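The structure's right below; bear with me while I get my questions together.
So that you can tell them apart, the chains are marked A, B and C in the order they are listed, and the count of residues begins at 1 in each.
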Amino acid sequence: MADLSQQTSADEPRVAYQTARTTAKVAGTFAIVFLALFVSNFIGTSVIAPLRENRLVEMKAELRGGDPTEEQLADIRQLDLQIRRNRMWRLDFAHKSGYALLVSVVLFLVAGKLARVLNEPPPRPRSIPDVGAEQIREARGSRWTVVAGLVTLGGVAALLITSAAPLAFVEAKETGPSYASMEEKRLQWHRFRGPDGGGVSVFTNIPTEWDGATGKGILWKTAVPLPGNNSPVIWNDRIFLCGATEQKQEVYCYDANAGRLLWTGDVPVSPAATQARIDPMEDTGRSASTMATDGKRVYAIFVTGDIAAFDFHGRRLWHKSLGVPESAYGYASSLETYQDRVIVQYDQGDGSEDLSRLYALDGTSGRIVWEVKREVPNSWTSPIVVEIEGRPQLITLTDPWALANDPADGAEIWRADCLGGDVAPSPIYAGGLVLAIEPYSHLVAIRPTGQGDVTETHIAWTMDEGGPDICCPVADGQHVYLLESHGLILCCRLADGEKVYEQDLRDNFTASPSLAAGRLYFLSMDGVMTIAEAGPEYKELGKSELGEKCHASPAFGNGRLYIRGLENLYCIGEPVAGGRAD
Amino acid sequence: MVRPRLILVALAALLVVGVAALGLERFPPPEFETDYVRPTTTAPNPPQGLWEYVDAGVLAVTLVLATVLILRTRNRKLIFALMLFCLAYFGFFRNGCVCPIGAVQNVTLTIFDPGYAIPLAVLVFFALPLVFTLFFGRVFCGAVCPLGAIQDAVLIHPVRVPRWLESGLRLIAYLYLGAGVLFAAMGAMFVICRYDPFVGFFRLSGNWEMLVVGACLLLIGMFVGRPYCRFLCPYGVILRQLSRLSRWRVTITPTDCIQCHLCEDACPFGAIRKPTEPWPNKEYQVARRRLAFLLVLLPVLIGAGGWAGYELRQWLAMVHPEVRLAQRIYLEENALVEGTIDASDAFRALGRSSDELYAAATQLRDRFGIGGALLGAFVGCVIGGKLLSLSVKRRRTDYEPDPASCLACGRCYRYCPKEHERLKRGREGLVRH
Amino acid sequence: MPQRNDDVTRRRLLRDGLWGACLAGIGGVAGFAAHKGQKVDWLWQIDPYKCIACGNCATHCVLEESAVKCTHVYGICGYCEICFGFFDPEPLAINEGAENQMCPTGAIERKFVEEPYYEYSISKSLCNGCGKCVKGCNAFGNGSLFLQVQHDRCVNCNQCAIAAACPSQAFRRVPADQPYLLKSVDHV
């Protein structure tokens, strides 16, 4: 008896150990099973559920085409319900299996630890013959590991330092602002009628003779996919223009040297514009507004009020609708840029509804930087930003005001009550005067140095022997030349507005006259360019025919002349332009 | 009178931005003809801040209790029980956030970000364990830290990690601390919390990466004692250094060491140091030269580290979302990448100019230059210091825990014959009284 | 022997000095941090004016069911009959059928108020914070639907996992006494 009981007590720890071990094994197995369930549930949520959701999206898309039957609808609803039920079920399952996993792991750990404690061997210190030597060895080993760590860190650092620096924008920052300065723009043709919108080229090597029929003097000619009356703009070796139909609005970028179409940018027609069914006058067209660039981005606006920005690689940065403009003949104001902003003259309505605005939009985002409400009716003039006495002024013409605002914040600088009717010719700044035209009536010169209402104080002179209805004026510092759409040239002295001469070209014009190297360029609607010497007398130098109808004003590059015909874009000039700017 | 006006201006600005950004009021909210009343928007209140103070209180109480259990009672079972309680409370009940390890970053952010002030409870969480360590050694690690506790609980079959490997792996913790502080100071992110391996278990839910990393650490932790504490924990790095200076700390024997060797393998964390033996003469000479060399090397390492850290600023800065965004926008604007991503779309929708972004990011890059240099110098200093400390001869006559590495778990007590003697005496003393 | 004693004393002095310095250091940092005042706690919240409803909130939260849910400010809502937060961009018909709904969990309830107005309300227990409705409402409506962190669910991680994944950096810490960043209705 005594023997037996002794044996039992000796076995007790053994039995306890066995029990603990078995428990640990069972709990461990359960833990693995629950883990597998947990993981499979996770895979279910992250892999299978999205598949089903995709199926639902597909089913919906399929139905969109035609008339869905009750059956199809029921299917979709069934699947939707299933997905949602499944999601709830999986959430619940994850919870339950998570808890079960936790419990089984805890059980496993408790049993395992117990087994370990019950079966722990007594401490059995290793006898090391030479403790001193071992300690020295240990220290040496540790030192070498640390050195290895140091080498690894150093290696990684060296690799990273020598490889290309990842932050490209830092270098970009050091090269300056993300827009061209006014000085840079002066050497380009960045907007309608070039720098300052004056139609004056800084280049002296502009061609004077060509012939569209024989191809003489024409460097290249390329088709423009969609129609538009806007003029080309130039930045270095890129030419931009745009075109539109009722369904499509596109921006084109051409290579200036070869005439190749580099890219086409699409500006979606806003739903509001589609609904409004805009029907502009045929002479205006759907894409009358000339684009503008700030040297980094190009901007285009269409008759629909849809405006967009593209980078020079053709990526659309943003597009937005400014609201469908109410314009009697169709919206036609061209864009202007100031720093990294695009300026939009958005005059519309009859002036009673407070619809007209002047906007400055941020070029990178399209956000409105500032806007000015103006109680004026629709107009067709384009804004210009010119530097006057060291300060930029944004000058716009409306009925009845000629206005100057600060392009930085939109604050008004001065206004003069001097215009009326449907104003269309844009202002120019020449000889210290802002010149504005009221069609069929007069040309007025304003000294832009005033503040507030300058109607009484700053109007230098008025020439009231008529004014062009479409074409903008051009000035050479001594004289200002006006071109009426039926071909009458009117030359006045810039100093006092005295008429100097009149000359009838007996042709029809919509393109504005331009000036390069002391020569005046008049492009008729039939594509005939009349070149005359600037000065107090009319002296014709020659005529060149393009052989295609032209509505848009020409653009002047270095030794080149770019003319947009109704269907083609022409580059006139030599393959390699050798001249320099003045 | 300035304040209300400022607020008005701010409100107006907000309004303009809001309208521009999101096109509010496309459809004017209707005037209802029926007696319909617009429901008010309800938003559930956050739990009362009271809990934070309860946590701080529990932390203080458990630290005191841990100190008593570890230094006076010397009872592993009670220590383990307290540890389990802390695991349950700080871990599973309070979801493991905020913990002192993460609080390092909150303190850093408070110092560097004028707009952030650390909540009092988090500050207590940061400072209290440090103070306790300065007095009593790493009692926080031993019984209070939930991250330590979960690893300690899974330790079933400890294996010895060779000393050389341990020394090498420990460097990771220093790097981690340096990076955590740098990124917190720059306001990039709380990297230590982002990669907290166990918080997913405490909440019984988490990102799968988090869970997988945590599970791997726990699996390793079944055989290698507390891998996170020893090789990764950035807070542990601070505690190690403070523990070297602590007033009182764990001893294996309650009285004096009789050199019986029995405790030699008692520590699963390899923290028990053997008595030293005198070095042979030749070794002394080599050691002296080596020491001289390493003393010269230390400033070189610090300098080189600082330089490398500065040069790496571009890479370090990429951790900051603002810098990553600037990089992305630049690539997009220059057609170096195709398409856009959510971040660049969001940037454009908000209408910030890219120049502004580049300027901000460049400024951040420069700040990372300073921070990177400091981080590099710190790493250089750590490596140099480590090499030095491995080259100095220590004098030890008894078996004792390494003050820095000892996690105060109390496992070694029962290996000491003197401890058994003490317990026996205690029992007899109880009987006698 | 006296030299050795000197050595020990010096060492102890150094140790005590360091010890004191550490204590002072902890005290200094704690003092500085505490001096900065502000006893309030911080919580994570989404700035609705920055949020682009990318959908990360639904997938990146450490909780299985995200702590972010849609919030509706009725004062801004246009009570549209055709709500692009509720309906698919190209609905087959204007009714509450599952095939016409945007919400993947059916968490938006549509209720007739009066001709032609409908009330939309979010049942928070179903919402998973995916932000599809928010996107629709921002793009075509008044933006009265937007995502907010629900503080009864949020565990307030020291580093919010969604904040780290947010592409528009819309997440920020807000003081606990102003836990929500609701869109304001003052301007209506």
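Here, a contact is a pair of C-beta atoms (placed from the backbone, for glycine too) under 8 Å apart; a residue touches a chain by one contact, two chains touch by 3 or more.
These numbers come from a predicted model, not from an experiment.
A.B. asks: Can you check which chain pair, A-B or A-C, has more C-beta pairs in contact?
C.D. replies: It is A-B, judged by the count of C-beta pairs in contact.
A.B. asks: Which chain would you call central, comparing Cα centres to the global Cα centre?
C.D. replies: C
A.B. asks: With chain centres defined as C-alpha means, what is the inter-centre distance between chain B and chain C in Å?
C.D. replies: 24
A.B. asks: When the C-alpha atoms of chain A and chain B are each averaged to a single point, how far apart are the two points in Å?
C.D. replies: 46
A.B. asks: Taking the mean of the C-alpha atoms as each chain's centre, how many Å separate chain A from chain C?
C.D. replies: 32
A.B. asks: Quick one: which residues in chain B touch 2 or more of the other chains?
C.D. replies: Chain B, residues with two or more chain partners: 205, 349-350.
A.B. asks: Where in chain A do residues touch two or more other chains at once?
C.D. replies: 94-95
A.B. asks: Which residues does chain C have that touch at least 2 chains other than itself?
C.D. replies: Residues 64 of chain C each touch two or more of the other chains.
A.B. asks: Which part of chain A faces chain B closely enough to touch in the complex?
C.D. replies: 42, 46, 94-95, 98-99, 102, 109, 112-113, 116, 123-127, 130-132, 135-136, 138-139, 141-150, 153-154, 157-158, 160-161, 165-170, 172-173, 177-178, 311, 313, 315, 317-318, 340, 362, 364-368
A.B. asks: Residue numbers of chain B touching chain A in their complex, please.
C.D. replies: That would be residues 20, 153-154, 156-157, 162-168, 171, 175, 204-205, 208, 261-266, 274-280, 283, 301, 304, 308, 311-312, 314-315, 317-318, 323, 326-327, 329-336, 348-355, 358-359, 361-362, 365, 379, 383, 386-387, 390-391, 415 of chain B.
A.B. asks: Taking the touch rule as given, give the residues of chain B at its contact with chain C in the complex, in rising order.
C.D. replies: Touch list, chain B to chain C: 11, 14-15, 17-19, 21-30, 32-34, 36, 38-41, 43-47, 49, 52, 95, 97-98, 102-103, 105-107, 110-111, 116-121, 123, 126-127, 130-131, 134, 189-191, 193-194, 199-200, 203, 205-207, 210, 242, 245, 247, 321-322, 325, 341-343, 345-347, 349-350.
A.B. asks: Quick one: in the complex, what on chain A touches chain C?
C.D. replies: My answer: residues 53, 59-60, 63-64, 68, 73, 76-77, 80-81, 83-84, 87, 91, 94-95.
A.B. asks: Using the touch definition from the top, list the residues of chain C that touch chain B in their complex.
C.D. replies: It is residues 15, 18-19, 22-23, 26, 29-30, 32-34, 36-43, 49-50, 52, 54, 56, 60, 62-64, 71-80, 113-114, 117, 119, 121, 138, 140-143, 148, 150-159, 161, 164, 167-170, 173, 176, 179-180, 182-184, 186-188 of chain C that touch chain B.
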